Structures are given as C-alpha cells and as structure tokens.
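Structure first, then comments.
Order of writing sets the labels: A, B, C and D. Residues in every chain begin at 1.
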Amino acid sequence: MEKYKIYSAGKFIETNQILDVKNPFNKEIFAQTYLAGEKEFEDSVNAAIEAKQLMKEMPSYKKYEILRYVSDAFYKEKERLATVLSMESGKPMRYAIGEIERSAQTVLIAAEESKRIPKEYFSLDWTAAGKGKEALVKHFPVGLVGAIAPFNFPLNLAMHKVAPAIAAGNTVILKPARSTPLSVLEFAKIIDQTDLPKGALSVLPADRVVGNKIVTDTRFDMLSFTGSPEVGWEMKRNAGKKKIALELGGNAGVIVSEKADIEKAVSKCLVGAYAYSGQVCIHVQRIYVQKDIFDFFVKKFIEGTKLLKQGNPLDSSTEISVMIDEQNAVRVESWVNEAVSGGAKVLFGGNRYGNYFEPTIITNTKPEMNVCFSEIFGPVVTIEKYETLENAVKMVNDSQYGLQAGIFSDSNKEINYAFENINVGGVISNDIPTFRVDHMPYGGVKNSGFGREGIKYTIQEMTEARLLVRDF
Amino acid sequence: MEKYKIYSAGKFIETNQILDVKNPFNKEIFAQTYLAGEKEFEDSVNAAIEAKQLMKEMPSYKKYEILRYVSDAFYKEKERLATVLSMESGKPMRYAIGEIERSAQTVLIAAEESKRIPKEYFSLDWTAAGKGKEALVKHFPVGLVGAIAPFNFPLNLAMHKVAPAIAAGNTVILKPARSTPLSVLEFAKIIDQTDLPKGALSVLPADRVVGNKIVTDTRFDMLSFTGSPEVGWEMKRNAGKKKIALELGGNAGVIVSEKADIEKAVSKCLVGAYAYSGQVCIHVQRIYVQKDIFDFFVKKFIEGTKLLKQGNPLDSSTEISVMIDEQNAVRVESWVNEAVSGGAKVLFGGNRYGNYFEPTIITNTKPEMNVCFSEIFGPVVTIEKYETLENAVKMVNDSQYGLQAGIFSDSNKEINYAFENINVGGVISNDIPTFRVDHMPYGGVKNSGFGREGIKYTIQEMTEARLLVRDF
Amino acid sequence: MEKYKIYSAGKFIETNQILDVKNPFNKEIFAQTYLAGEKEFEDSVNAAIEAKQLMKEMPSYKKYEILRYVSDAFYKEKERLATVLSMESGKPMRYAIGEIERSAQTVLIAAEESKRIPKEYFSLDWTAAGKGKEALVKHFPVGLVGAIAPFNFPLNLAMHKVAPAIAAGNTVILKPARSTPLSVLEFAKIIDQTDLPKGALSVLPADRVVGNKIVTDTRFDMLSFTGSPEVGWEMKRNAGKKKIALELGGNAGVIVSEKADIEKAVSKCLVGAYAYSGQVCIHVQRIYVQKDIFDFFVKKFIEGTKLLKQGNPLDSSTEISVMIDEQNAVRVESWVNEAVSGGAKVLFGGNRYGNYFEPTIITNTKPEMNVCFSEIFGPVVTIEKYETLENAVKMVNDSQYGLQAGIFSDSNKEINYAFENINVGGVISNDIPTFRVDHMPYGGVKNSGFGREGIKYTIQEMTEARLLVRDF
Amino acid sequence: MEKYKIYSAGKFIETNQILDVKNPFNKEIFAQTYLAGEKEFEDSVNAAIEAKQLMKEMPSYKKYEILRYVSDAFYKEKERLATVLSMESGKPMRYAIGEIERSAQTVLIAAEESKRIPKEYFSLDWTAAGKGKEALVKHFPVGLVGAIAPFNFPLNLAMHKVAPAIAAGNTVILKPARSTPLSVLEFAKIIDQTDLPKGALSVLPADRVVGNKIVTDTRFDMLSFTGSPEVGWEMKRNAGKKKIALELGGNAGVIVSEKADIEKAVSKCLVGAYAYSGQVCIHVQRIYVQKDIFDFFVKKFIEGTKLLKQGNPLDSSTEISVMIDEQNAVRVESWVNEAVSGGAKVLFGGNRYGNYFEPTIITNTKPEMNVCFSEIFGPVVTIEKYETLENAVKMVNDSQYGLQAGIFSDSNKEINYAFENINVGGVISNDIPTFRVDHMPYGGVKNSGFGREGIKYTIQEMTEARLLVRDF
C-alpha cells in the first residue's frame, strides 16, 4: 500500500498520526498518509514566514516558470493523477480526468496572470493641491495565506487557492479535506522539483484543531476557505484582522423558458444534476420550467436520467457512482423522505443502496423543504412549473443561497431580466449554473460566500494595494 | 445685421473677405462673418505653435475648468444658441436645441476625461532581461490639430474635435463649413472668456485653399476631418507624416426582424429617416423588413410619414423643413428619378419644391442604384423585404460604406449574428443606426472613415504614447 | 439659537432627545439638534429598504444630476458652510474652507464616477469548455450602507461614504459624530432639494446604542466606519455577513533624506504636524531626518513652529487653535509627560491651557512611548536622527499602524526602496504623509484599517460583482 | 547545399527564381531558396482571403495552441535555429541565440494575449437619450495583413508582425528581407505542423515588385513595415485606405548624468554601441556625458571597446563581427570620413576591412554630420559633453528621429525631466535606449515611424473596433 508523506516546511515527512485513505466505491483503504500535529504546523508557519521575503521579491518570469512546470506536469501525468483522484473521491474517471485538465489550466492561468498583476497609474492634478503629482498603485502580497480545501474537487479547488497565492508572491499553507489528501500531495511532489523557495508551501492534512489555528492565528494574513456555510461564517467571526475569502454552498436554480432550445436544456441539466452525484457546489438542484413546455421537459428529463450508466468510478464509461460516504447518502435519503411526507412526488429514483443514491427527480415541492432550501449535495433535482418569468426569478431567489443560476432562453429581454434580478454571483445564460471555466469570477452572495475566486480575482484578494504619490 | 468676427490667434478680427450667412428656409442673408486668408492662417498657426508648451503643461483641473465653463454656458444659453444654429443650417428648433444640449454634454465629457487620460504601468520582468524594471506609458499631446467640420451638426461635430483636443493638451485650428460658421464663432466667444491660452484655438471660416493647407502643412501634427469620402481619402494621401482621422459618410441599413417590437421599430425609423431631412451621416437610408411583417411595417411607416409636420425650422412644432441648399435637393431628386426609371416604386413623396424635398419612401430598388449605394443625405428611405437574417445581413453589407447599422429583434442569437457579421463601426440593437450618444466610440470602416471619435477615443488618437522604462 | 432637525426617512424631524452643539473655542452652545432613538432608526431603515429598488434602477445621469447639485451648492455656500463646520469642530477657517472645497470635489468625483462604474467583458473560450461563450461582469449595489463618520473632517469624511454610496446605487444611513452633527445636516438640507428618492438617505445623530445596531443589524448590507482601532476591529468581529470598511488611525512617519529639498521638507512638515492641532489621521507624528542634516532641519522646524499664529478658529489668519475637547488635550499632555519621564526631550512647547495644547516638538524618544507608538491626535511631533535609509524605514515600520508615510528625497533608488518596503497604504514622496486628494486610494494596513476609500475604490467596495455568461 | 522551399498558400513550393543565401562572414553561398513571383503572390493572396473566415472564428484556445507550439519549438531547437540565423545574417551566436529566445517569448506573449484581446463594456445612460442602453466594444480582425520584415532581426521582428496577426485572427503574407529568408522559412515549417488553416500564412521571399503590390493592393487590409524611412513614408502615401504601421530607423541618444552609476553606464553603452555591429534600430549612436565625468567616461569606454572580441559569428565567444554587406560598411566608412573632414576626432577605430568595420568612437561632432543626424546602422558611436540637462535633452531632440533614448541618473527630477521632454517613443532610464523586451510598446515619432508594436499594441492596430449598443 502506498504511503504518502506530507509536505511541511519544504520537506516530505511522516508524523505519528497515520491517516487512512479509503476508496468510497469499495470501501478499501488503498493508501495512507499522515496528519500534521502541533509541531508540523509550527514548523510550516515558521518556514512560510521565513520565505515571505523571497516570494515577495520573486520576478514574474520565475513565478511563471514554477507554475508552468506544474501545469505541464499535470497534462503529462493526467491519467495517473486522475486515477489517484478518482480513488480517493469516488469521482468517475471521465470527470476526474476533466478535473486534472482543469487544474492544469488553473495553474497555467495563474502563471500567466503572475506577469499581469494590475498596476494603476493616474494623475493627481484634479485640483490645485495635486498639481505636479502622479499616483502609482501596486499590489503587494499579503504574506501568509491559509487555504482550506474541500473533498469534492480535491485538486482544482486547492489549485484555485495555491496557484494565485504563488502568482501573487505569497506563501501558503494548504489543508486538504481529510478524505482526499492524495492529489494535492501529488501536486506537492511536482512543485517540489521547481525553484519555489522551500517552506513557501506546505500541504498539511490535519484535524479540525489545526484547521482552527489557521483561522485564529494572527501570523496568517489571509484565510481562504471552501466548505460549508456554518463553518465558514463562524470563521469570518474569528478571523481577527486577517482578510478572508469564503466559498460556501449553493442550491442552484435554473429557468427553462419556452423560448429556449429545450433539447439542449434537457441534456445540459442532466449533467448539472448528476455529475459526481451532485456533490458540486453549483449542482443543478432546482429546475423551473415554463408551463407550456413543462410536460415535454419532464418526459425528456426522465428519459435521460434512465440512460445514465452507473458503475465503478474507475471504469471510463461510468457516469454516476457512489457518494463520498454513507453518512451523506443517508442525509440525502432523509431529505427526500421528508419531501415526500410533505406532499412532494418522486418522478424517478429516490432509493439508497449503501453510499450509492439513485439519480432522483422530485416535483410538487415546497420552498421550505430541505430538498429546495438547503444544499442537497447529492444526485437529486426538483422540477417545478412557472407561469411568468418574474415568478420564476422570485422562486430562484427564494433561497438562503446565491451562488450561480441558469436561464435557458433566446430572448434578450428575458436574459437581461434574469441577470438584473437574480441575486447570485453568476447567471449563466443558455447553459447550466454548473458552468465554470477557471478564469471567470466565481463566488456567491447571501449564505453562499464572501469574495470571488477565479485567479485574477483571487490574486486581487490575496494582495494589498499600496499607493505611491510621485512629485516632480 | 449681425457681424461675427473670426477668431484668429486669440483675437476676434475682421478680414477683407466678407462671408454672407444665409437662412436656408427663407434664403435671406441674416448675418455676416469673414473668410480667413493666408495672413490669418499664418498668424493662427504661429500662435498655436507658440501655445503648445502651455497647453502641454496645463494641469487637468485647469482644462476641466475651461471646458466646464463652456459646457455650462451652452446649457445656460441653449435657446439663443439653438436659434443661431437653426438659422444658419435650417435645422428645426427641436433638433437644434438637442444639438446644443449634446454639445454641452460633449464638452462636459471632455472636461471629465481630461482628468482621466489613461496611463499604463506594468512590470517588465517577464524575462530575465527585464528583471527589476517597470514600464510607465503616458500619452502626450500630438501638438497642433487641424479640424475641419461639416455643416450638418455645425456645433456638436466641431466640439467632437475641439473639446478632446483641448482635453488632451493640444492646440487646434478649426475650419467650419462655409454655410454654418456662426455657432462655432459663438463658442469662440465663450471660450475666449476662460483661461485657455490665447492662440491655442483659432476658428477660421475659410475657402478650400486654406483647407488644403491644413492637410499638407507639416506644422500640423494631426488632421481631423468630417466630410465626404472623396475629399477625405484624398486628404489621407496628402497628409504626409501627420496622424489623420476621417469621419466620412454612410448609407445606414436597419433590419427589422419578426421578433422585434414592430411599433417601436416604426416610430424609431421615422425619426432616423427624416430628422434634419436626412442630412445626417447615420440617417436611416435602407430598411430591411422580414417578409412576414413587411406589409404591416410599410403601412405603418407610410402612416407615420404622412403625419410629419413640415414648416419653418424656427417653429418649435416643425419636424421637417428645407435642405441646406437647392443644389442638394436637386441631387436627391435626380437619384429618386434614376431609381424610378430603373424599376423602383415610390410609396410616398418624391417631389421637390425649391430646396424642400418631401419625405420619401421607395421600394423595389436595386443595390447598385444611387438611393441604395451612395449616401443620399436627404429625406429618402428605401424599404425592402428579406427572407432570412443571413440574407438581410448580406444586403446591409452590400455597400461601399460601413458606419452604423441597426437591428430590431429580441432574439439573442439574431442580435449576436448581426453584430458578428455586419461590417460597420457600430451595430445598434433595438434602435436605429442613427443612435449616438457622445461618449460612445463612433466611426466607420470601408469608405466610411478611418479612426474613431467619441471623446476618450479622440483623445487617444490626438495623443502619442511615450514609454518610460524605470529601473531600480 | 439655531435648531437643526435631523433627517430620517426623507423628512426633517425632531425627537425627544436634544443634542447641544458646543463651540470648542469658547465652549458656548451655539446650536441644537436631536438624537435619533429606536423609532427614528427603524423608520430610517424601513425607508431605506423601501428605496433600494429605485436607487438600484436609477440611471447614471440622474445620479450625476443629484450629486452635481450638491457639489455646486457646496461651492456656492462655501463661506457659510465653513463657518458652521468651524464652529462645531474648532477647525480654523482656512482649513474649514479647504474642507468644504474638498467636499465639493469629493461629491463631484462621485458624480462623475457614477457614470463610469467599471464593467468587465471578456471571452471564455480559453478552453474548449468555454467555446462560443463570453462573460460580462457588472457591479450591483450592495443595498443598504451604514456609515459612521468622525468629528475631525465632519463633512468630507462623511461625503467619502455617502457620495460613493449614492453613486453606486445604494441607500445609506449616516451617523455623524455627536460633537459635529451640523455640517452633514446642512448637506441633508441641500440633497433634500434634489430627486434623490425620499428615504434613500437618513442622517441620524445618535448615541452608541444606535451605532451598535448599525453594526449588528442584518438588514444592513455594508458597514463603513471611520474612527478608532479598538471600536473598529470589534465592529469587524460583530458585523456578521455584511461587508465592512474600516478607516482607523495612524501615527504617520516621514523620512527626510540628505538628498531632499530640505526647506520644502520643513515647510510641508510644519503643516502636517500642526494643521487642525494634529487631529488628523495622517498627521505628521514621527519625523526621521538623515544625520548630516538633522541639526539644520530641527533648527528650521523650531523656527517655523514659533511663527504659527494661534487664535480663534473663526479668524481667517488663525493657524492653530483649540482641540476638540479638554479630555483629549489632557490625554496628549499625559503622553508628553510620560515621554519626558522616559528620557525624551521637549524641544518646543509641551504645555496645555484648557483644551488648547501648544505645538510641541519632542526628540530622544523610544519607539514604545505613546507619543511614538500610539496615535497622538494632537499637535505633537517627534523628530529623530537616522544613519541609513534601511534603518529609517525600519523605524517607520516599527509601529502598530500602517496608514501613510512620507519620504523627502530626489533619489530614485531611495524613493523606490521606501515604496517597496514601508508597510502602509500610501507612501508620499517629496511631500508629507498628510497629503490626500480625494480620488486617490486611501486606507491602511495593520491596525490602521481594512479596505480602501477614494470614491471609485469605495464604489468598488459598496457593490457586488455579478457575472453573466453569454452563449451564442 | 540545403534548399528551402517557400511557403505559399499553405504549401512548400519552388519557383523558377532561385535566391542564393550568402554567409556575410565568409561570403559563401550556403543555402538556396526561391523568389515568389506574380503567380505565387496571387495564390497566396487568394488563399489568405479564403482563410479569413476560419481565422476570424477561431476560438482563443486554438490560437493559443498553435502559437504555443511554435514557441515551444523555438526553445527546443534554439541552437539549430540560431545557427541558421547567424549564418544568413552574420550575427554572432550569442546574439543569435538571444534572438531565438526572444522570438519564442514574442510568440508566447501573442499566445497569451490572444485570450485577452480587450473588450469594453460601459453604460450609455449618461444622458436620458441612452437610458436603458449599454455598449459593448469588441475588436475584430482587420483581415489580411501584409508584413515586410528587415534583415537585422530576421526572426524576431517578423514574429512581431506574424504572431499578433494570428493572435488577432488575421491572415498574413510575410515578405522577409532578401538577405535573410531562412529563419522565417524554418518558422513556416514549424507552424505548418499545427492546426493553422492552410493559406492563413504565406512566407514569400520576393523582389521589390511584389513588395510594392503588398503596399498598393486593395485586398490587403493592413500593411506592417519595418525598414528605412524613405521607403516607409512613401508606402504611407501609397497605402490607400488600408491601415499602416511603420517601424523605421533611429539614431538613439543617451544621456549620462553625474548622478549616474557610471561604471554601469559604460558597460551598458558598450553593448548598445557594438552589438551586431550597430545594425540595430535602437543602437546607441549618440552619447551625451555630463562635463564633470566626461573624461572618466571616455577613458573607460575606450578601454571597454578595446576588449571586444572580434571573430567568426559562429564562434560563441565572438562579440563583434562583419556587417551585413560591404556596401553598408563602405557607407559607414564614408560617413566617418565626412565627420573627420568636418573637424570630428576619432578616439578609437575608424577603419574598414572588407565588410568588417571596427568599433569606432568619435567626438567633436556637429549635429548636422551624418554620424549624428542620420541612422548609421554600424558600430560607430559619438560621445559629446554637456553642461546642463536641459542642454543634453535639446541635443538628443535635435534629430530627425525619435525612437528611443536613454538617461543614466539616480535623480528623480532628472529622469522625469527627460521623460517629459525627450520627443521619442520610449525613454529608458538607467539603461541603454537599446533596451527592449517584447511586450513593451515599441515605436517612434518624427521620422522613426507610425504606430506601436509590442504584441498587445500590435493586436490593437491589427483589429478594428466594433460597437454593439444593447437595449433592454
């Protein structure tokens, strides 16, 4: 069985706490790594602080070389890395390979953006007081970034924190989810071969005690967290003076207008609803279909759902497989049951087998049911009918979350109305809310988070503006 | 009868060549001014060169004060200035007042943009050769701008050259159209009350000999011309090393899809077709209507045309009046006759009375007829039917011009197709191609011109980028 | 005695709690206003929430008109408003007039920026997944902004919150300092004459209970606070999910190199040290002079200090006058005494007379003394000698604060070294750290704050980015 | 002997006109290629026009892949390509390798910028007329670009035209200098292996007849020329309506202030003066040294010149070698002789041996001598003394050219004065005017050219802005 050392203060080390890594599909422990304790945490923080000055002064061509090396390596080792990722997360290979490719792209974008960190220059002579003066604004690295990443995109969501942190000239300590520590340790092995100063990055699988330290320790200059709202908002309260970025959950809604290409809407929504068993922040959870096309849409959607290929994630033809663990599958089951008790109707699926939950379609729901109101993070979708677009937008907005939403329609007016009135971080027109490419701004409002990711946006958040007033 | 002195080298002066200014509606000479000769031209050029350094060094708050004073004065004296403009150009008061307001806005935008001339600042360390170096790019005034303005928007199109020239720190010599010299001389009186260095601006009504000097004289650093293509392109050939901006003609096409709000399309097109008797570069000259709605559109359009109120431009209810002179009205008449001989059908109007030409609707035209192919610059519109959008776009593109075009449609796909495929400077969706607000980029491709106006775009063209490489 | 009604939910009202406004110079109560209670707070919040939609949809030309009206009125009523401001704050008229002018400029900038709120548009086809897609990012108003302003620039620092809030399309509830409520109530009277929707702005003098509600009430979408670090950082902790901007204190340091224009440095530092008795966040508190020119600098600085004209703030020749209250003067006195006990030497001044504290120069200080370490907010300056620039920069950085710093030097290398290494929000070269024009980014690091003001930066912070993914 | 086919309309072909390629060092013909005639020209143009639509619609990830493939290949085959380049141009290997690396970087930048072609989006509601409207500006490829490249940087200066042309979505026909056709034909072989549509690029060595067609043929939408002023300005006159970019010559001046690091100035100037025997547009031709340090500078400069290693370009230790041909060496010799006859003094060198010209230092020159006034394009430098900076700037400006200039000084005021007052495209502080990295804007004023290169600037010039007005 492979043993992965953790990456602390520029060294691959073992600790006295072993962490077993289980394959969610067959429940076998297929690898081991270690949990960082107090000592490893301190060593990593000290090394990171030591490396700050080197990182701050690193020219952009050096940052580019380091990040490009990682990106190229991801492409080259795509199959192998995807297998590791699939095994630790239960993610079907087709999606695991997609994640490695996206991670390579994420890191490449960071490489390119490291050369383009925006600087401002403008005249100050708007009044006599500023005559002969000009202003330069540069963005300096904040210093030490604490990054806490989730299990569902164990590599790419970590790269969305680490790569821009490096591009911005920061040092970073990354804590992966305990269930999925391996793909980021593979990344650590790759970047260790570059000129990145030792200690500038540590990758520390750890328990919540260490996690809390990242939040409260004043030696961290920024905290970037992706995870649940409860944990995230409490972090904001306890983060002290440090900057904070939170990417929390969602219960994405999508509107299908009668002016849409309906076949396209169906096939896109099938992916958004079931990819990685819905364990995606921007999983399609709520579909609102205009009344005239509702029946047709539902019929086609059920047909599509039936065709999904279930199986072992490592099988390249598998489209849907197990959830990350049984606890989550049980939670999803209970929410579905709660909905049914409240009058909702299951149009397809609804059953659980261990940690596998069937792709499931529900209708006749009420907004306050957990399947609508909370983030289901499972392969469950609700479909409801709407009369007017205004009404559909209200239903999408009737949520504690505000991450992304979708609208299928060819009407200019409808798309614009949706954009102006849906209170989310992103409105995706003629595609599912699950759409994300890695250079676009990404993040939510309301309970869904605080701040935006998307490389150049993350770089912005991971730097501090400093003004120079020049006088001649 | 009022006599307007011309503005040369910071002084209001008379010359030995009197220029009569005629009211196109009643043909009466209602004012006089002077033509600049060789001496005034030389004095103006010398004074402008003298003033270059002062203009280059002027802080932005000074430029703002000067331009804002002018803008405020235009608003305050709106009625009076509109009357002058209406009398020299025959433009109905409702449009003349609109032009004064737009001129005030144009100058205000320039005032604001003078503080915001873009500067770039970026790192040069993309390779080891640039390590430790940073780049600053500032835009310096070109120096002396020659501006040649047309009769149809005698104030606002002049302001589109003069105001950004000043905002950019240039000196400028303005030659108005000989038929409409008064509103810019009113402007000269206003700006003469400010701190603008004497000689930084001259306003010289002049004959073509002086006009040619502006083109060929190497002391001018830039030439900005609005007028006819024949003259414009010959200027480009003869301009030597100076920069050049050309705003030439157009024969704007507009597409009305069955997915449009048709009533809105009709009422907008009526304005675009007949405002100031079509003597507008972005006058609606060619309307292409989807076949299913063609008859309805034509019926409504004829109805609307019938309701137009004809009369004295100074009467505030007048909607259409005379053309600038009889020579132009005769030309329009001959083109209409040519079209009829070739098989076209006049649906409404078609008659000339002196320099008044009736609002006229033609159909069954061929692309090579002058009413389609050339810029009609009169109150004439052609309406044709189309089958597919691809076809409509081809018809719009089948033209020597490429200034602006319009499309009425609510379809996202249709608007985008039009935008991607119509080869013009601007595509206006759900409005007429005649739409222009003064901070948007404006200018054409093909025979329609070279470069873009729109204050900040003009400022860009009226400056020269200079790089400073900084080393630490 | 004049009575000022407070401005709640679009109405000027009285409450049952009278607030006396005292002239700090002669301690006379010269005006009265009212404290808002629970009811006024609720009314204001409800009206603000009601007005959100109108504000969000307001076109930029409307915002421009409203804000420009205010700016123009400030210029027109400069003398009268300055007198009110001087009387409530004890600020000498020369500086009070300057503040009114700057307030007019602040509001004008906001007017202009309301038209220029940045929008992004970019292609998404960086990978095959984004083929045919483009992104639009617009910034939507956050909603309701709570603004808490300080006494020292009672009008301009309030305008730095209110004007961009309106420019961004927000509603706002402003709580001025209790000692200086009048100038912002004058502002309320002016803006009430515009088309600003009633309720979009309330101005509520209030006690700390109401202040705390602004922090904790979840109906506020953002909190913008200028005041002390202790209060500010506690607010951050309690602000919940809302956005927050903190402008806290400073103890600005300035470096005078032997390569500087020393006479200029002296005369600038005199203003920075004593203007408004040092009750300025970017007051020059610590001067570090290169050893070879130290004695000369000190001699000249003492000479300049002796010449300061003390007197009634309302007298236009007065340069220095009383502090805001005796409590603060006593605090300054105690810090000076503490420094002297610790070995520091008073080179000039050091005495208190009621709430007047003499302009005071100290040397031989230690970094941990309050006169160095804390924000003195009084007319006291320390001057110390340095050997190397590295050393001087270390001394400037040896501080809990990081707002602005200054360096006087003609050396390119020295200025750049200072800029790259002084950990503050702004480095002012060849001028005092007290330099601020109202469109530049302004704000601090470390204990000095969180976020940046400066109209367009504030607008950025008072809006939420929303992405539209377009598909064709 | 290797035979290189030319690249016309997507095919490698032979023609009936053989072009011998000579090694300037040993005068041996070491390779052959072909001149394009009328037929190849027509085929290439037709194929390019055919490919326009494919290029316009190519997503950015495709352009990135194509260009990145080229960039990677340049790095991989660096030694081989440098040898080809060195043999055709006589450029010493150390510089030839540098050119291949820079070419790789140039193409990589274009790859990256193809994803970042700027788009603008802004509100139009600055007046009531624009209410509810927003503007999008996109930059569309101009179409077919004619590129004419010089001998002195046969690969990199060609890449500065071809790479951004492709990045912008254009098709391009490249005519290299007749003496140096090989390195770009090597490039053609590389890019032919990518997905670039056949015909989108042709590389045509040709005589002047074909060159003239590129200028006058109306099927070309843009002309980009690097070469001599006489040819360039005549092209501008004859280019008709097409866009034009001219990179012409220079006679770069550099100022060495007494506030400079003199040793650094000497060693940098040695490179600027003699690299590739001064056959560089931004070759250091004129050095102005402050009087107090003049003698020291000259002494050191002569010492440095003596140490230059002369030899075969293919020898990696060679620093200076032959000129491109004897005709040019003779011209340089005659200019030096002319200067000496006029009173100038040769401090070092001055002799010609075939096409080798010694590194040569001259003083006591007059501005009107060819060694000062004209572009020498040979290893000759003039050094003169100055009293005041104002005077030095005047001497730099006293030139028909305005490409780049340098100033060595640590004074902030001096650098700024030079930047504000030297009329050139770029002022390089604390380095030689010969400094160029490939993403910076590059180009001249006065006789030195028209427009700017530097990838994103070239992309800007190779596109046409088109506005979409959106209405909701």
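FYI, contacts are C-beta pairs under 8 Å (C-beta built on N, C-alpha and C of every residue); 3 or more make two chains touch, one makes a residue touch a chain.
Worth saying up front: this structure is predicted, and the values here are computed from it rather than measured.
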| item | value |
| --- | --- |
| From subunit C, the most remote chain by mean C-alpha position | D |
| Selected interface, A-C versus C-D, where C-beta contact pairs are more numerous | A-C |
| Between subunit D and subunit A, distance of the C-alpha-averaged centres to the nearest whole Å | 45 |
| Distance between the centres, which are taken as Cα means, of subunit D and subunit C, whole angstrom | 50 |
| Distance between the centres, which are taken as Cα means, of subunit C and subunit A, whole angstrom | 38 |
| Sequence positions of subunit D contacting 2 or more other chains | 126-127, 130, 136, 412-413, 415, 429-430, 470 |
| Of subunit A, residues touching subunit C in the complex | 101-102, 105, 109, 124, 126-127, 129-130, 133, 135-138, 233, 236-237, 240-241, 415, 419, 424-431, 435, 437-442, 445-447, 450, 452, 464-471 |
| Footprint of subunit A on subunit B - complex, ascending | 59-61, 64, 115-117, 119-123, 125-128, 130-132, 134, 136, 409-413, 415, 429-430 |
| Residue numbers on subunit B that touch subunit C, as the complex places them | 112, 412-413, 416, 420, 470, 472 |
